[in-house]
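The chains carry the letters A, B, C, D and E, assigned in the order they are written, with residues numbered from 1 in each.
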């Protein structure tokens, strides 16, 4: 699978909305590296910088879905490499349980993801985002977990 | 033909041969070492490599006294004796009709037989 | 009402080549709160920054969004620009439209759309920005080193050398630690005491160093730059100011049955004693548990003997409270007790020894005066078996899962020393792996094999039994596919090392974290290996992980450098993006405290006025000097009382909203 | 039951007289046989205390307020209730020094909703006879097997152990059924995502956002709930959309995850009969399977699973590889 | 007016036929709870024999959440768009006497000046059919408020009786007549069966434990101050959890809050039910006027028993439906309060 497969949008083509929370120290830097290495991924992915993946409250994830996001991905330092030593360990537990609950409620399990991307893994960042965007595109619009009032 | 895959042995024995760090303490502990063609540490290595067939033919299966010294001493929790026992069970299960019925075993035991040997005999022969 | 200025950078063609910056400017002008928007070729250049500064003044901007490269690149630059224009530097947000946009998208339409969305998110965030000020704290110019082994001594010497006062707390009556017990050191085989004791003397004599021997840390309060530590100076029953260290008393003492710790209990000492000849400080101490005076009220021979009148039976423990700017953990290690491994017969036969006991047995100042004899009957041994990895790399529960790192080398050292001094004694070493990474280490091990004829057997011992006054060793020889049954006179166990048990209680006083093996956790395993995650707490020596003497000394000096760096500062500038708890929302449930890696959260009872309802509540308080701003606490808090400045819940949700609009 | 009530009163009286506590938190009779209410009794009024098949309320939550008052209160705790109190004490929400916890035996509590669904109309009184519950009603007598009427939580009773009580009252009672409490969760996990979605839509769409589940929950003890805090970004007084129905219940379950003792009060009091315990039990089941068995309230020293970790924890993707998509 | 009857077995046909008058809302069981829901929804089961739905018909006139106005933001421009009022007619079938009286209670609030046009448009578009009770429950105490559940009276267009074999219907307005005319299954009938059912039901009503609940201390002429300062409030409210299950189950509670929702493109202003039991009820910048649960608890009950009657010619705003009896998690319901306040204060 080639890394750089983001095609420009065709008119009328379904474009998902993807929110990516990236920790400042590893994944945001990894995304920067993807950028400086010109490793493309779809423009559907919009990154929000947080100090550590453990800053991401499940509310933020649900808020994104409420607002019509089609997929939410969290990226942090690899377990054991957290800038704050233990933050991503908590992230891992929290998101594991949250995603499991969303799955239990019948929300498509592919809509959420956690990936560990280090500051050196620009290629992994790009590959991850390409893959996630592809998955979400295949899933289609988030209908089960959005607030219909939004966007009106 | 019995299933002779590595997975079968691991499943029956419940062990993880990858934990082995090749220290050899099992073979250093084994009281039946000299009666064996394949030694406890070799059982671990060979099962890991998937070389099951020669082990099924090995006289070590019957030389092992099930004293579990190797299990007790192993610093990594690999349980070589469980592997040997699993292989023995595989052989015995194949020979279903020839196995020693449990009720006959007491007759074969005299007063001098140590308790551990009795237990081992049950384990070895009545599976 | 906020007035936001948006500055869109072209970055030459880096951004402008893919993003229609003009359209971005047009789009953001429509955003509520935006009072000014402009684009410029290089926003980070002097003229770009001047554009920002003059816009702030001209339009009375209260916040700034710069759409440019990654904040990791120029956030600091634009914060300075804002500060120069009279704005609070935390009223600046960066929209990363280069690395996260123009450089990865090829389609102009698409990239422009995304740039607008990213700009909107930054605007949404800056609208909820609050001016932040970093607090500062004074630094107490004094360091505390806990543990007086080679690690603690080296760290203290280096800090003292830089001109700062430093105290060493050591629970034993003398500094010196484990290294003082060693005979020779690998791979050079120089005498341990010869290289250690001058350092001990230096530490004792240095005017910047104060020693608290026979003392323990009682309590720790405070935080980086401002610790308050109470030290318990246990009663020596000997006045330090009067004792001359002559040793008269120690010889007269009639109670002689106490095991001598220094010689690993292989001989005895008096109830009043000086640990060893080179002890620093060289002051006697009474072991009250074994002293006849304390047990029966009689005796008092030492008191009568002492011409300096230094004996003081009425002496009491003394509590000393001092302030420190930094604390160094140098609590060291001990050897595990291998009697859990019944197969090796440790404790059953006196001729089965640990390596540290063997070390004393070989030492000229040891229980046998350096003569290698079997402890059971004093005979000269013919064959010695060394067993490596006793309790190391062991997940069975009795041992330790890690490699103790130093055993391969000291076992080779022991083998060489034996063969060198007693060529008639044969030596067999059972090993699982021989690990010798280190300068001149492998050469040393090879010398043991090639020059000294030490038998290295790849395999492990399964059983050591006593037979006719000798030892029988049964083990595997894997390379030769045989089981060995050897006769031996002594068996030496290279038992695993573990952190000193006192480290745990000290660490919990410091709120410094400990890993599953009891070693201190580093702030970062690679990049900050001598710092604890708890600010102001530093790590020196084996308390952080197994290491040999050169490594320990290197780390000790590295640790000192970090401490000096801290003590040099006049003031500590705190991180401005710190957590803070709303006392009206706080449940006092302690969830945040549990996830804080820095121990920055404490609780206090506070009188609250909750919209007219008065109540007293237990609420969380964040120490801003210690908080590093990770935000783990904010999510652990169920009521949302805990928030993170600069990355508040509202800010992040505003970004989410803006992106999903 | 009368005998047990007398034993409780007698012991409570002794404790009040000994000065161990100054008042008793228990259950007072209601206007019908099925509606007792939590009540505080002085020694003189102890004869009013009731304890029978309908005294289901978990009194732990009331200890938050009671322990703030002057003097010591004797609280009556059924085995499952005691875990809730222990958890509250662990979270510093209850001043333990102001509580004297008396563990009292329980043979399972009855669910009037189940009785009504089984045709009990116009019930005026009840009595228990040999494993049966007999209702006198406006329309005649109705007999039902006791087990059929047990509250959901009592059908999977976790046993008669108490957590952190000062003393327990010994009294022999018949055993309760011990069904697998995760059976329904597991059955849902086996369904397809679409089926699960339909199930939960059906249930959560009934929610009237009355907050009874939250306010009765001993774990939901926040001084101000995020859903009441206008600054939180999620505050709402009604479910205006399907999303808000889901959000409320996901976040509520999330906030008590690792702290919920599975006392079942949420489902008991839901006026719309939503099986809310199935959300909490999902988290409990996941925690048990992924991070090891954990019972909130059982161990005062144990770190709750969500403020804990091990470096070997499974990755989030692991849960998504289980069950059905 | 005359009485009609139809075969009970043909109820389904009736519901279909009523569709001609608009959407038909019936007492319906769905997912283990009951409410007035549109006929024919999947997974639902309409059942006229339900004594009371978990949710009252209040929702149909005063929904839990409803949009009032929308502000749309385009750049710096704000466009205002008012929400539509009810335009489609609908039929509300099977309202019990207590719930019917509750509609009267609501009417006096929402239809009094200033008229609430959202409520009004729904009331005007509704055809309400009341249904008599045949088998009251022990928790019923409507009779204490002078309501006759066997012969519902109030703002309805027709009254119905459901017997073993038939549904009887007596229209009382022109709209009510259209019900008869839109379904051919109706035939003129005599009162015999209805009267028999009423007699049987009245016999049961006489045995209701709280059918004659003493309300003499309450109402228009009550001593407001004495009730307000009554010592029983302290203990009554002590274990109130402050949830809204009573309020939201109550057919007459009518408090609401107005809130804004940010849609990302603008703001949606909506109103939603609020509960005076909530501690953030009428929260303002400085706090709330009622700071303790006792004050909030007292407010709710005195409003039903004293304040509302004083403003409305003695009409209580409790109708004795008994929902709070069944729903309150702590069993602190109207009967308990009325008894505690009605008699002598309990010895402390």
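Quick notes on this structure:
Following the convention adopted for this analysis, a residue touches a chain if its C-beta (ideal position, glycine included) is under 8 Å from a C-beta of that chain, and two chains touch if they have at least 3 such contacts.
In this text the structure is predicted, and so the values were computed from the model without any measurement.
If you take subunit B and subunit D together, the chains in touch with both are C. Chains making contact with subunit A as well as with subunit D: C, E.
Distance from the centre of subunit B peaks at E, each centre being the average of the chain's Cα atoms.
Across B-C and A-C, it is A-C that has more C-beta pairs touching.
Chain geometry summary: the mean Cα position of subunit A and that of subunit E are 47 Å apart. For the pair subunit C and subunit D, the distance between C-alpha centroids works out to 45 Å. One finds 77 Å separating the Cα centroids of subunit B and subunit E. In whole angstrom, the spacing between the mean C-alpha positions of subunit C and subunit E is 68.
In subunit D, the residues that touch at least two other chains are 226, 232-233, 240, 306-308. In subunit B, there is no position where the chain touches two or more neighbouring chains simultaneously. Of all residues in subunit A, those that touch two or more other chains are 58-59, 63, 67, 80, 86, 90, 94, 149-151. Pairwise, the chains that touch each other are A-C, A-D, A-E, B-C, C-D, C-E, D-E.
Contacts from subunit C toward subunit A in the complex involve residues 70-73, 96, 98-101, 103-107, 109-111, 113-114, 117-118, 121, 513, 521, 523-525, 533, 577, 595, 597, 628-632, 634-636, 644, 647, 649, 652-653, 655-657, 659-661.
Per the touch definition, subunit A reaches subunit E in the complex via residues 67, 149-152.
Listed in rising order, the residues of subunit C touching subunit B in the complex are 343, 389, 393-396, 399, 430, 432-433, 458-463, 474-478, 481, 483-484. By the touch criterion stated above, subunit D contacts subunit C in their complex at residues 91-93, 221-226, 229, 231-233, 255-256, 303-304, 306-308. Residues 30-33, 43, 51, 54-55, 64-65, 135-139, 204, 207-210, 235, 238-239, 241-245, 247-249, 257, 259, 261, 270, 272-275, 278-280, 325-327, 329-333, 335-336, 339, 348 of subunit E are the ones that touch subunit D when the two sit in their complex.
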